[in-house]
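The same subunit A turns up in both complexes below, where it pairs with subunit B and then with subunit C.
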Partner chain A sequence: MTSLLSVQQLSLLFAGRSILNQLNLTVEAGHVVSVLGSNGAGKSTLLKSILGLHDSAEQTGNILIAGIDMAQDRQRALSHLAYVPEQPAVYGHLSAIENIRYFLSLSHVGEQKEIATCLTLAGLPETAWHRPCSEYSKGMKQKVMLAFALAKQAKLLLLDEPNSGLDPQATEELNQLIVQCKQRGMGVLVVTHDVLSAIGFSDRLLMLTHGQLAPIALDQSTFTLDRLQRLYQGQA
Partner chain B sequence: MTSLIWKIACNEWCRLWHARVPVLLLMVLVTLWAIAVLAAHHHWQDHARTVDEVTARSQHDWQSQPDRHPHRVSHYGDFVAKPVHPLSVIEPGILDQSGHLVYLEAHRLNSANFNPATEATTLGRFSLMTPAMIVQWWMPLFLIMIAYATVTSDKITGILAFMRGNGIPGWAIAAGKWLALFLPLLLLLCLQALLTLAWSWHSEQLSVRLSIMLLAQSLYIASWCMLVVTVSWFSRQLHGALLTLLLVWVCVCIIFPRGLANLAQINHPTQPRAEAEYHAEAKLKTIGDSHNPDDPHFLAFKQGILNKYQVSRIEDLPVNYQGLLMQEGERLTTAVYREQQALHDAQLAKQNESIRRWLWFTPALALQYIQMAGSGNDLPHHQDFIRQSEARRYQLIQYLNQIHTFKVQQHDDKNTRLSADFWKKAPRPPITLPSLTVSQPSILAGFLVLFGWLLLPGILLFKVSHRL
Partner chain C sequence: MKHELTLLLKQRSIISLLFLSLLLTGFSLFNGWQNISHIHAQINEATRAENLRKPDFFEHHSHEGPSDSDKTMDAGELGYYLFHNIYHAPGEWSFIALGNRLVIPSVQRIRLLGLQGQLYDGESHHPEYVMLGSFDYAFLLVFFAPLLCIALMHDLKASEQQAQRLLFLHSQVKEPLYFWGKRVLSRWLLITLTFALPVLVFAGLYKLSLAPLLRVLAITALYIFFWAVLCAAVSLRKRALNANFNAMLLTSIWLMLCVVLPNLSQLWLHYRYPVQDGSQIALQHRQWVHGAWDLPKEDTLRPFYALYPQWKDTPPVTGRFHWKWYFAFQHMADVKLQPQIVEREHTLMQRDRATGLLAWVLPTVWVQRNLEEIAQSNVTHLLAHRKRIERFHTALRHAAYPFLFEEKPLTEQDFQHLPTFESTGSD
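So, the complex of A and B:
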């Protein structure tokens, strides 16, 4: 199976404190991997490390995206990836279409999908396409970001707390979208606190504790709050 | 990559346009600038008119003098005016404080030599709003108000992380933001330069002086834009970015220039005019008094003259002894006053040198140095004007004293009237604008500081822009 993301022996020191410790992770095409963890465990930091947004002096280990070494050719590696941060990052003065067009033009994407198709796939109502994004809800903005990822034809999708601040309906719509991405052959790495959603769309669940990832076996039938608490405390 | 930077800059303009407040601030700035240009142009026209009128009247009055005794002519006096360059519209510098008219007469150095304004620092001027002041103070302040959030807001909304995470280089984002801020202000500076060129294209040394001023202004504004982007990049909160930038502005534009100038005055004080004159008079008394028949210097002088002409009495001299006495008196007086002037100039030079040493702290003062030099209204230009007028005075008075010596009969000295042709032929060389080299140290130091202030935040920003 094609590995779209391969993280080997990733360590990160931040202000002298070890955040990530010899961490290994792979995400294959058509798979969703979710990373759970308590607040401050380093989940978002893990994503930023993969993206190379930390000072290289503090970070060690190898990261391959679609087989391309980040240390060798960061720009080309990132062209295969779409990153959606926790806060939906769109410009309020631009419409959905203008936002996607602008970010695509900056991303040097060779082949692009038609933006309208992607917005339809992402589930954003057509009536909203030309309205300024300052009028959008958070869920709508998330859809714009996912439409961007689709338009970019990224092979790998990194989502940081995608359900944070969304109502149940918007959460469900977003979960469906993640499943659609998976079905299109994209590899998806999700960092989340929403365990139930993660159980729903993930192929693998990982728990980040003490700077290392450990697989956890959790499904709808075995899920209890008590079990979850023990998992978060590293007592699986 | 250029198109990437350009796209980011265009989006930034679009964002600022939609935010409305930045557009309003820009309009206020342009209005202020237009008012400053009009006010300064009017002020410069007043100066230029005065210079023209005084020069013409002085020339006319001098030429209209009747037949008279040369010593009366030497006390009749002569006005000279400092050539006021049209670039004074942009930066009048110390023109208002130092004055631009000097009265030349015998036995005295004119009052402008010891004008209190030249003793005051070059910063003691907050009244007239000039285009230079707009660039130096107001433009950075408005820039801060318009753009303090340029990167911080993208950081808070997650756009910066999104862009960086999707492979857009941090330095390209920083460069795009910088370009978006710098380009409109550069256009304003170029417009100002073009307007100046249009009304003063015939002026001497215009191209080099205007180019230097435009380059310095561009560097200054470029460094402020870089500083705003850098601080905005480092700040996590909007109010943090705003307060940091305002603090830098207050230090760079107000506290450091004033503080440095005051420190220079404390460390290297200049004498007040009255004190300088008192010292000069005291020194003159020790050298010699031509009115005292027993004065040793003038007794020796008299004996030297008698020996030279191989006579034993003044009455037997083939030349007018009073004329010779005037020449010697003028030589001594001038030497003493020039010595006082040199002391004064040396103190001012020390002040300038002391300020230049700490100029790194304030690009605003560095820009002011260059602008004042460019417009011909800094201290070295003023001192050159004083030197030229003093040379003209000395040359003229000694010419008259020589006429007195050789053309006025000693026995009928008081009743002699010489032809007016003598005054018409008197040497009165015009006062010229010196080359920019008189201000070379200030210009070089200024440019070094401006380049430093552009490069330092630029390098810092480039280094950190790959991080969030």
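So, the complex of A and C:
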């Protein structure tokens, strides 16, 4: 199976403190991997490392995206990746179409796929396409970001707390979209606190504690509150 | 770049700021143009009045001869009563930087009397103009363009961080330097356009010369580029995530570069190269002239004839008053003041050269100096204007002296051949 993301022996020191410690992670095409972890465990730091946004002096290990070493060719590696931050990064004064067009121009990929098609796939109502994004709900903005990922034809999708601040209906819609991305053969890495959603769409669930990832069994019946608390404290 | 421009031009606040800049630039050009038009109107009116006055003058001051065509005039009366207009005519591009034009009279009237007393009598700085300056293109570019740059570029990184977009953007861009470079350049381009477009429109409307236009545009683009780079350096540094701090830092730099340092350096230049006040020269001239009334005529005429031996053997000065003696002591006051005038001009040039050196360090001074050069309102042009007046006065004296010293009356034909001050349209 093609590994779209391969993190090998990743260690990261920040202000003399070890945040990530010999961490290994792979995400295959058509798979969703979710990373859980308490606040400050290093989930967002892990994403930043995958995006190549840490000083190389602080970081050791290898990160390969679609087989391309991030340290060797960041530009080419990034062209296979789409990142959706916790707060959707859309420009409020631009419409959905203008936002996607602008983001595509940043990646220098041009319009690889019809933006309208991608917005339809992402489930954004057509009536909203030309309205300024400042008028959108958070769920709609998330859909714009996912439509961008589709338009970019990214192979790997990184999602940072995608369900945070969404109502149950919007959460469900977003979860459906993640599943659709998976079905399209994309590899998806989700960093989240929403355990129930993660169980719903993930192929693998990992817990980040003490700078390392540990697998968690994907059985909803075993997820008692007590077990979750112990998992978050790294006592599993 | 196209997408960056779209991103910018979709923001109402940006559009408002750019529109304001466009409006202010247009108004500054219009205001400069109005001032220059007013000067042109004054000059035209003065020329028209002089053309009417001169024939009348001969008519009123001439003495009857056997016939109308034999009317003559006394050279002394001509020298004393006839005023000649001299013009400080603006250049084609003077509206861009009014400089000294608002404090130096555009029309002056001089007689055959001592020149320096008449010239410096009119040199009085209007305190309101000196304090406020004038709202022209140079003023707007020097002071307002940097503020516009600061408004548009102080939060390049901080605004993205505040919107929690910075990480996402960095994850998308392949070359951060290229990405931020485009952002800065798009802002620089828009600001420059708000200054350049009205200038281009003015140049087109009034069919102004191309070379100065290109210089004005180049100065504008370079100066705004300097501020864009400065703003980028502050707002894109590694820890530039506090927009308020960036704005405060950049405003402080603006205050230093646009107000404090140029003024301090001007103070130092005035201290280092002190120039005698024009009114002091006028006063001293008057004292020489007044003193001469009490001196024996020989004390004035001897040095005068030493300078102009060609008039030494003309009819002698007799009686209590004689025009020859009067104009001789007027001129000798000029001669005695000459070293001070030379020294003053030399010091002004030294001060100007020092300002030129300063312009290499202070971009505000560089812009002001270059625009004033294009507008022909700088010290060099002012001194050149003074030289032209001196040449005209000398020509006038040389034309009048044969009649004065040989005690020949002027005919109407002689009167019409007197030199006139030629206004070239650029002094």
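Keep in mind that, in the parts below, the second predicted complex is superposed on the first by the 233 of 236 C-alpha atoms of A that agree within 3 Å, B and C clash if a C-alpha of one lies under 4 Å from a C-alpha of the other, contacts with A are read in each partner's own complex, and residues count from 1 in each chain.
Heads up, the rule we're going with is that contacts are C-beta pairs under 8 Å (C-beta built on N, C-alpha and C of every residue); 3 or more make two chains touch, one makes a residue touch a chain.
All values reported here derive from a predicted model rather than from experimental measurement.
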So, after the overlay on subunit A, do subunit B and subunit C clash or fit? They clash
> Which of the two partners, first being subunit B and second being subunit C, lies in contact with A:172: first, second, both, or neither?
Replying inline: neither
- Task: With the two complexes superposed on chain A, say which partner A:101 touches: subunit B (first), subunit C (second), both, or neither.
- Result: second
Q: Mind working out whether A:69 is in touch with subunit B, subunit C, both or neither, as first, second, both or neither?
A: neither
Of the two partners subunit B and subunit C, more of subunit A gets touched by chain B
Message: Looking at A:78 after the superposition, I want to know if it touches subunit B, subunit C, both of them or none. Which is it: first, second, both, neither?
response: both
- Query: With the two structures laid over each other on chain A, which partner does A:54 touch: subunit B (first), subunit C (second), both, or neither?
  - Reply: first
First, second, both or neither for A:93, with subunit B first and subunit C second
both
Superposed model, subunit B vs subunit C, clash-positive stretch out of 297-305, 351-359, 387-395 or 405-413 is 387-395
Subunit B and subunit C footprints on subunit A meet at residues 48, 51, 53, 74-75, 78-79, 81, 83-87, 89, 91, 93-94, 102-103, 105-108
Per the touch rule, the subunit C residues reaching subunit A in their complex are 2-3, 6-7, 10-12, 163-165, 167-175, 179
Subunit B residues touching subunit A in their complex are 4, 7-8, 11, 14-15, 18-19, 157-169, 466-468
Contacts from subunit A onto subunit C in the complex sit at residues 48, 51, 53, 74-75, 78-79, 81, 83-87, 89, 91, 93-94, 98, 101-103, 105-108
Subunit A residues touching subunit B in their complex are 47-48, 51-55, 74-75, 78-79, 81-94, 102-103, 105-108, 145, 152, 158
